[in-house]
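Okay, so chain A shows up in both of these, paired with chain B first and chain C after.
And then the complex of A and B:
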């Protein structure tokens, strides 16, 4: 399935907070690796609710940040793949 | 500066309590001779009140939540509280003596994905002389084994005192090699604290000069083996005294908020969504945050870069956060002397 139709979901074994539009996220399997997200990554993190598909998130970012859809899509894909690699989310 | 340091500094400026040590109860099934908790008869808060505080902590930006006691597992509602905390996405750390952990409890702990810190003060005789409880050594050791077998991250720690200093390094080996757990060493540093009501009885257990020298020498040697060098700290007159009250806070079993377990404030009861306001605006929190090294009674001391002082212990022992702490001076002197000898050899 194309990644755009996949639905990202936050992993169960994580802990996080969003403070002033910046998220601090850690995997409880490796608490030493702390992830600090910038504003865009934090907004994407907020939109990961187990319902929004990748393409929905890209669309929302297009509207909110008034950017080109393809630009949003590429950024969303990149960041989600990184979150997936760090075992913070799953993509199904 | 990396992104975490930047983020952390921002939180300190904004007074976000990223770390909280939540004392769930002062009740305990052991009677450790050095325990800092004075006997209390006040009523502890119930589960619902704890939930409300946890919700406020989440809103205030707290991420790292440590549950401490007394013994946390004495609370029958402990797992409900812990589960609720995980649902609020806290990263949990549990301080326990381990004696109430059996197979079933270990499974429940594993589900919380916490870091568990367990105190083990020595081998059987020494440990039980300190806990004043027969059978406590085997129960604690069994808990460490159970948890590590289940891949729970366990850190074992001990307070260093007259009673256990001789077997301290052997205990380190035992924990790492036989119990397959992580050794955290002296959890709270080398300063034994008076009780939180100012009772100084636990200070009798502080090391003799000879024991202290031997321990610090051994510490230096271990660091050297690890390829690390023990260096004096760079102390700036404008530095803060410690992290307490900046990004760290403590909640008592009575629902009060403090900067740490040694510094207990007044008029600090958490109610009606006032946790963040108390943390940010309480005059005693503001005063603590305003203090700098240059305010210390001993600000010009030549041993400052060797000194590991604790403002909370100064408060309990000498009546002021800024007072000179003779025990810290004694340790700093020994540290400096050993460092010099090490450098020369």
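And then the complex of A and C:
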């Protein structure tokens, strides 16, 4: 399946909080590493609700940040892949 | 059998033993922390021989002890060529049978209770920090630093000024209805002065040795990372990891966090007095 139609989901074994518009995310399987997201990554994190597909997140970012869709899509894909690599989310 | 109760922070530990030498040492060591409150935890000390436990799974190991599971119950075995000890927990982690061949009870004064705290404290909305706590002008100061970071130095300078030192190395922080209190503990570092007092605190100061005195407000995320590196918590499962994370997050969100660069002389306390009027 093309990544744009996949639905990202937050992993169950994570803990997070948003402080000053930045998400602090901890994988409970890797307690040594605290992940701190910038504002854009935090917004993407908030939009990962188990319902939004990757393309939906890109579209929302396009609207909210008033940027080109392809630019948003590229950034969303990059960040989601990174989150997936760090086992913070799954992409199904 | 005499029951001795020791309260550190908001956790009351009852220690039962028939061994006179151990009783005496416990009462002496914990004299400022003795309590009549109802106990949260019970330690039954049994002196004599025992078989070394075989752990199905070892979770943590140091040169002095190992924490493992035997028959689904947590246990800590303390290595010693002649006088080993073994702490066997019940399922709720509130009743410990402490087997020992050591009549001095030394492990009950330092190492074991510190490990115990690290294991159970978050169940009581409590966390032990690698920190120094000092009372100055009715204000509680919490100074966090790793080993050799300046905590004992600051404590010694505080004593010169006749301030109350809660502890120069281990401070217990409790949370109750969004209010954080800091408590002294009996497990000190270089400075033997300890106090069972507790204080409300509005701030955490993260220490950095320097040739000058300076305070900077700290980014909360940076403060969180330092707190996570400077606490005593045995993260035996993901629930504890999550609780510790949330506790530290609550702390940095609620309290003002500062980086304190300090010069190791008495000027630091004049500086702090001036800054926090």
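The rule is simple: the second predicted complex is superposed on the first by the 92 of 92 C-alpha atoms of A that agree within 3 Å, B and C clash if a C-alpha of one lies under 4 Å from a C-alpha of the other, contacts with A are read in each partner's own complex, and residues count from 1 in each chain.
The definition used in the following text is that a residue touches a chain if its C-beta (ideal position, glycine included) is under 8 Å from a C-beta of that chain, and two chains touch if they have at least 3 such contacts.
Quick caveat, the model's predicted, so the values are computed rather than measured.
J.: Do chain B and chain C fit side by side on chain A in the superposed arrangement, or is it a clash?
T.: Clash - chain B and chain C, as placed by superposing on chain A, overlap.
J.: Looking at A:70 after the superposition, I want to know if it touches chain B, chain C, both of them or none. Which is it: first, second, both, neither?
T.: neither
J.: Does chain B (first) or chain C (second) touch A:36, or do both, or does neither?
T.: In the superposition, A:36 touches chain B and chain C alike.
J.: Using the touch definition from the top, say if A:15 reaches chain B (first), chain C (second), both or neither.
T.: both
J.: Thinking of the overlay built on chain A, is A:28 touched by chain B (first), by chain C (second), by both, or by neither?
T.: both
J.: Taking the contacts chain A makes with chain B in one complex and with chain C in the other, which residues are shared?
T.: 13, 15, 17, 19-20, 22, 24, 26, 28-29, 31, 34, 36
J.: Show which residues of chain A lie in contact with chain C when the two form their complex.
T.: Residues in contact with chain C: 13, 15, 17, 19-20, 22, 24, 26, 28-29, 31, 34, 36.
J.: Please name which positions on chain A make contact with chain B in the complex.
T.: Chain A residues touching chain B: 13-17, 19-20, 22, 24, 26, 28-29, 31, 34, 36.
J.: Note which residues of chain C are touching chain A in the complex, please.
T.: My answer: residues 220-221, 224-225, 228, 235, 238, 241-242, 245-246, 249, 252-253.
J.: Over in the complex, which chain B residues touch chain A? Could you list them?
T.: 3-4, 6-7, 10-11, 14, 16, 18, 58, 61-63, 89-91, 113-115
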